[in-house]
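Shared between the two complexes below is chain A, which has chain B as its partner in the first and chain C in the second.
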Partner chain A sequence: MSDRLRAVYGQLLAVLFALAIGAIIILMVDESPVKVFMTLLRGAFGDQAKIAGTLLQTTPILICGVAACIGLRGGMFNVGIEGQLFLGGFAAAWVGFALPLPAGVHMLVGLAVATLAGAAWVAIPAFFRARYNTNEVVSTILSNYVAVLLTSYFTIFLFKRPGGWSETPPILPTAYLPELFSFSRLNWGLVIGLVLALSVAWFFRYTSKGYSISMVGSAPKFAEYGGVNVKRQGFLVLLVSGAVGGLAGGVETLGVHHRFMEGFAPGFGFDGLIAALLANGSPIGTIVTALFFGALRSGSLLLEVETTASREIITVIQALIILSVSAQVLMKRRGDSTAGERRWKF
Partner chain B sequence: MEVLDKLLNVALLVATLRTTAPILLVGLGGSFTTKAGIFNIGLEGQMLVGAFFAVLGSIWSGSAFVGVLCGVAAALVFALVFALLVVTFRANEVVVGLALNILAGGMTISLMKAVFGTRGSIVGHGIVGLPKVQIPWARELLGSWAPLVSGYTPLVYVAFFAVPLLVLFYRRTRLGLYIRVVGEKPEAAEALGISIARIRYVASLLCGLLAGLAGAHLSLGYITMFTENMSSGRGFMAVAILIFSNGDPLRVLGGCLLFGFADAFSLRLQTFGFPSYLILAVPYAVALVALFALSYRSRPRIIRETLESMRKLLSVEPGRADADNTPST
Partner chain C sequence: MAVELIGVTKRFGAFAANDDVSIAVRRGEIHAIIGENGAGKTTLMNVLFGLLQPDEGAIRIEGKDMVMADPAAAIAAGLGMVHQHFKLVPSLSVAENVFLGMEIRRNGLIDHAAQIEKTRELSERFGLKVEPTERVSLLSVGIEQRIEILKVLARGARIIILDEPTAVLTPQESRELFQTLRGFVAGGMTVIFISHHLEEVMEVSDTVTVLRNGKHVATRPTAELTKADLVRMMVGRDVSFARRRRERTAGSVVLEVKNLWARDDRRLPALRDASFTVRAGEIVGIAGVAGNGQTELAEVLTGLRPASHGSAVLKGRDLTTQSPAQIREAGLAHVPGDRMVRGVDGGASISANLLMGRQTRAPWSRNGILDWQVAASQAADMIKRFDIRARGPQDTVKRLSGGNIQKVVLAREFTNDADFLLIDQPTRGVDIGAQESIHDEIMRQRAAGRAVLVISVQLDELLTLADRILVMFNGRIMGEVDGDGADSERIGMMMAGVEAGAATGGAAR
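== the complex of A and B ==
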């Protein structure tokens, strides 16, 4: 337990360090760091509606984060969550407006199809990663660009709402994810995300399948020696990770936008990956880090209104956090020999 | 036939060379890190800051040359941070590279807002672009083929001349050899007393230099403007090329020409009324297909090389251990 406490403590120190550098950068763009941080805080937690807004932003980051956790634990960098999110989002919207189904069933079918779309989108990179060891980082990054352009094409050339501007027709109300409160668009997606994070954590902690996946992630040769089919498992890990990424898109479409539009959820996939990295691949930890990044995002909306700083300053802060975390995690291992494997600690 | 004539002509070849140049520059930059055994996914970000600071420097000084220097300096800073974290702190290359890319995206947009008060793009403001180089006698000697060799911006020539230079660099210079040894057999390098860390720093900085030039070419070359995320995945395509070319300059050139052609050809298709979104996706799709196809092809080679190194391991000849550092391909 003290080991884990020390890890959390180190992570917190890294975040503080990144915030300090962020403050210097904010000074460089002629703003007051105190004002920026206070505005972020107020924008994220200022009142009931703002807290709900933060949780609304947290939802896709959390689900994408869980998707990233699954990949990371299995030794796979799924950098394509962004693309899976877009494909899943579009697929859910299509089910929502094109397939009239009874209430409830409609929503579930939408989410299921979104999940399938995410898995299908990652299937080819996953296959080549498992079979021919094709670098999954590059193939999934490149497939993001294709996914975004492809969904834009679907939206604008094939399914454009007549008279609308680069968006599909609205989905039928039978496919809506129900809202949690009357004063916000916050919906059951958050609950889905939390349940998902908890069950994935449980899966990795208490099932032998979860153990063998973690084993492949941390010591592939040992796992292979122990009789795990490393290739098959790597394929499945990426597939499930992609499926969860697709689900995130479905939740975003059916819960928030109720239609698919160009650039409907920019950057959530990357935020999820960063949240998972900051949480060191732990789904439970990802709940906390996703909330943190959700708050940053939500706060940045007010930042844009009240200060001259751009909301992208939070992207800078996020990147700095990951950089300082990556340095501190490995600070302890500086004495290793150069031949040692360099990998993220999981 | 007429359609084909419109599609394939000298102008297309010229456009291919032009679109090849930035990805070739960044690809050759990545060749240094690839050869030194570093997986550098941060090329994209280095290129982006290069493009942004080139514009900034050009506006500030009124000189395109100073602009290029500023772009290179910014990319070098990113390369230095990358090397610091990856080499000295032994952080994960993928994580650091991705984080630096994200940092580059956020930083350039924030700075754009802070300096110019706008979002989206910087146009005008007195950006000075790179001049076009007219080769003397080209028109007299080549007639209508002259645009093929003359009239490009200087960095296009730099990109293509860098290819033979890099071939010589890896084959004939001591630093080139050291970089290869460090990448292929770090243990051998260590045994020879080569400082792995120092070589990797040098490789990373050389990479930053070329990535910065690539960025400067993007924003000061044929269009003189900066837009959000204007490197638009070229750095990642370069990484894909580096994976299947193993960083060999000639094969990098081949891969880059393929993408340059895909880029130029698809832009041309656009004038025939194909949906622009699908056209824009073509270069990425080509990169993916090439990556998959070539990894399928390289499978037997991997097995063969593994067998070879196993055999070498079994029949160790201590005196000849460092003669095996030259690549077998």
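== the complex of A and C ==
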């Protein structure tokens, strides 16, 4: 337990450090850090509608974060969530406008197809990882570009709504994810994200399979020795991680945009990955970190209205968080006294 | 007196790592400090070297009272410390490493020629053969250690502290190191030598100081002591490493290995045509210098490496075609040689580590759901039964000492009711007291009718335990020796590659 507390404390420190450097940068552009941070806070949590707006931004980050957690816990670094999100988003839209079905069923089929699309997309890097041991980090990163451009191609050349923007026709209302409140577009997607985070956490903690997979993640040679089929688990982990990434896209399409458009939902996949990293791969922790990044995003809308600081300061702070979190990981590694065991290797 | 430590006490919280320790080291002697892991040897040396500040006590160097505020003060006083874990920069040359932080400069730039010259001179003067221009990353551990010693010498040390210097060395390299150390004291320098390897202490030291639980037990001339005396003082009781008494209990064949071949990671044949059997109720030992195919043998038998030829049949099932999970199911328990990599997940709790291999079986798991309560209560039982020194089932494994981590692995594997136990290096890096209890446990497994295969690079251990000893050299089994009345000379010859027949012939002449 004290280990976990120490980990939380470390991550908190990393965030504070990033915010401090962020404050210095804000000072450098002649703006008051206090004012900027207060504006962010007000923009994110100022009133009911703003809180709902924050939660709306949090939803895709949370689902993508859970997708990343599944990968991280199983020892697979899925950096392709952005691409899986795009494909899932497109697939859900296609079901939404091209496949008339009864209400409710329509929405569920849309989400299911989005999930399958995400899994299918990650299956390519996952196959090469399992079969030829290619580095999944590289192949999933690269698959992002292909996914974004592929969905653009579909949208512009195959399924474009006549006239207007580069977007698909709107989906049928039967496929809408119901909204939670009248005053916001906040929808059941948030509930899906929360349930997903809790069930994934439960899965890793309390099931045999979850135990085996997290052992593959934390000590692959130990897991192999204990009889776990490491390659097979790695493949499955990537597949499920990609499926959840696709689901995030489906939720975004059916819950918020009600169509697929070029450049939809930019950066949620990466934000989710950062949220998961900041939470040390814990799905429950990711609820908190996703909320943090959701708040930054939604608070930043007010930033440009009320201060002279650019919205990009948010990106800067995120980058600083990545840096300080990874610096912390490196420092931890140096401090570890695995050296004591090293001398037993011949 | 070169060094006097007077009443040194160092506490970490409530725990006293050193409790009122007083030691006097004469000039020109090799003074060994021995004790089990956690006896306070390293803490004491860190206090002497200014890395830790004592809570009480005084330090005198050459009769003068000193305050070792930091290592710089210790170096200025003529002390030098060679740490257990080397602190070299792999990408730099030998000479650059020796003069790191005290570079010889000319016109503000590093004078590489002078550094190389100076390094060569030191290396010749003290008989520490190195090539100053070579890159450290290309050198062996033994040479790295020489560089560490050169670093200390270059800083003008007259009193040299070595923390477990031989732990990383081959016997050959150790012997060379001892020669160097003798050269040092012959030249009027003083050597303080931390170890828990008793043979070495007997061989090289003039005086021995024994620490136990942070307290000073004795300081005596080595010549007055026997190995048994040292063990008694270190552990606080008698420990016997005499051959275990036994009845002949060998029963039916459990494992039959026939003409087994395997390749190593470089795809070269590493295991060549091995054939042997292991019977129920017997311990078969595999002796050999590390790297002669033992690792590959263990990996093939556990399904972690494919065999290229031959068979290994465990109770009617050929292991060479099975996955690790299937082999475990067939009745294998395996204590791996590299326990931190294969044997445990250091970051996980004892409970979670003890669960490995059982996560899909009742009572640990029902319908795919884990019962952590069962896991924890079983872990608590095993902690008691195997005397694992831990705070409880939730304790993180990497926090335990090496011996206790090994006991976690043994506890898991020995309670699996497997008919065949493969134990690779049972007591590597384990305290003497714990070694004895591990050996007890292995003998109990034998008595319970299990077939046990013990691989060890420590011949003593096999002479203590094994009913039969197979000797491996260059991937082949050179011969078999009966454990009773085994002749270590003869086994040693086979370990060096001399055929069994020839070895006997040589002994006869």
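By our rule, the second predicted complex is superposed on the first by the 330 of 346 C-alpha atoms of A that agree within 3 Å, B and C clash if a C-alpha of one lies under 4 Å from a C-alpha of the other, contacts with A are read in each partner's own complex, and residues count from 1 in each chain.
By our rule, a residue touches a chain if its C-beta (ideal position, glycine included) is under 8 Å from a C-beta of that chain, and two chains touch if they have at least 3 such contacts.
The structure presented is a predicted model; accordingly, all values stated were derived computationally and were not measured.
Peer 1: If we overlay the two complexes on their shared chain A, which of chain B and chain C does A:Asn133 touch? Say first, second, both or neither.
Peer 2: After superposition on chain A, A:Asn133 lies in contact with chain B alone.
Peer 1: For A:Phe157, using the defined touch cut-off, is the partner it touches chain B, chain C, both, or neither? Pick first, second, both or neither.
Peer 2: After superposition on chain A, A:Phe157 lies in contact with chain B alone.
Peer 1: May I ask you to decide whether A:Ala219 touches chain B, chain C, both, or neither, giving the answer as first, second, both or neither?
Peer 2: Touch status of A:Ala219: second partner only.
Peer 1: Is A:Ala327 contacted by the first partner chain B, the second partner chain C, both or neither?
Peer 2: In the superposition, A:Ala327 contacts chain B only.
Peer 1: Check the residue A:Ile274 against both partner chains and state whether it touches chain B (first), chain C (second), both, or neither.
Peer 2: A:Ile274 contacts chain B only, not chain C.
Peer 1: First (chain B), second (chain C), both or neither: which does A:Ser143 touch?
Peer 2: First partner only, chain B.
Peer 1: I want to verify the contact counts: of chain B and chain C, which reaches more residues of chain A?
Peer 2: Counting residues of chain A touched by each partner, the higher count goes to B.
Peer 1: Should A:Ala23 be classified as contacting the first partner (chain B), the second (chain C), both, or neither?
Peer 2: neither
Peer 1: Please work out whether A:Leu301 is in contact with chain B alone, chain C alone, both, or neither, and reply first, second, both or neither.
Peer 2: neither
Peer 1: Which chain A residues come up in both lists, the one for chain B and the one for chain C?
Peer 2: In chain A, positions 336, 338-340, 342-344 sit in both the chain B and chain C interfaces.
Peer 1: So in the complex, which bits of chain C are touching chain A?
Peer 2: 84-85, 167-168, 290-291, 302, 304, 323-325, 327-329, 334, 336, 338-348, 352, 355-357, 359-360, 365, 368-370, 372, 394, 396, 398, 402, 428-429
Peer 1: Please give the residue numbers of chain A that touch chain C in the complex, ascending.
Peer 2: Its residues touching chain C are 1, 3, 206-212, 215, 218-219, 221-229, 336, 338-346.
Peer 1: Considering the complex alone, what residue numbers of chain B touch chain A?
Peer 2: 39, 41, 81, 85-86, 88-96, 98-100, 102-103, 105-107, 109-114, 117, 119, 186-187, 190, 196-197, 232-233, 236-237, 239-240, 243, 275, 277-278, 280-281, 284-285, 287-288, 291-292, 295-296, 298-299, 302
Peer 1: Under the touch definition given earlier, write down the residues of chain A that touch chain B in their complex.
Peer 2: 25, 28-31, 77, 79, 124, 128, 132-135, 137-139, 141-143, 145-146, 149-150, 152-153, 156-157, 270, 273-274, 277, 308-310, 312-316, 318-320, 322-323, 326-327, 329-331, 333-334, 336, 338-340, 342-344
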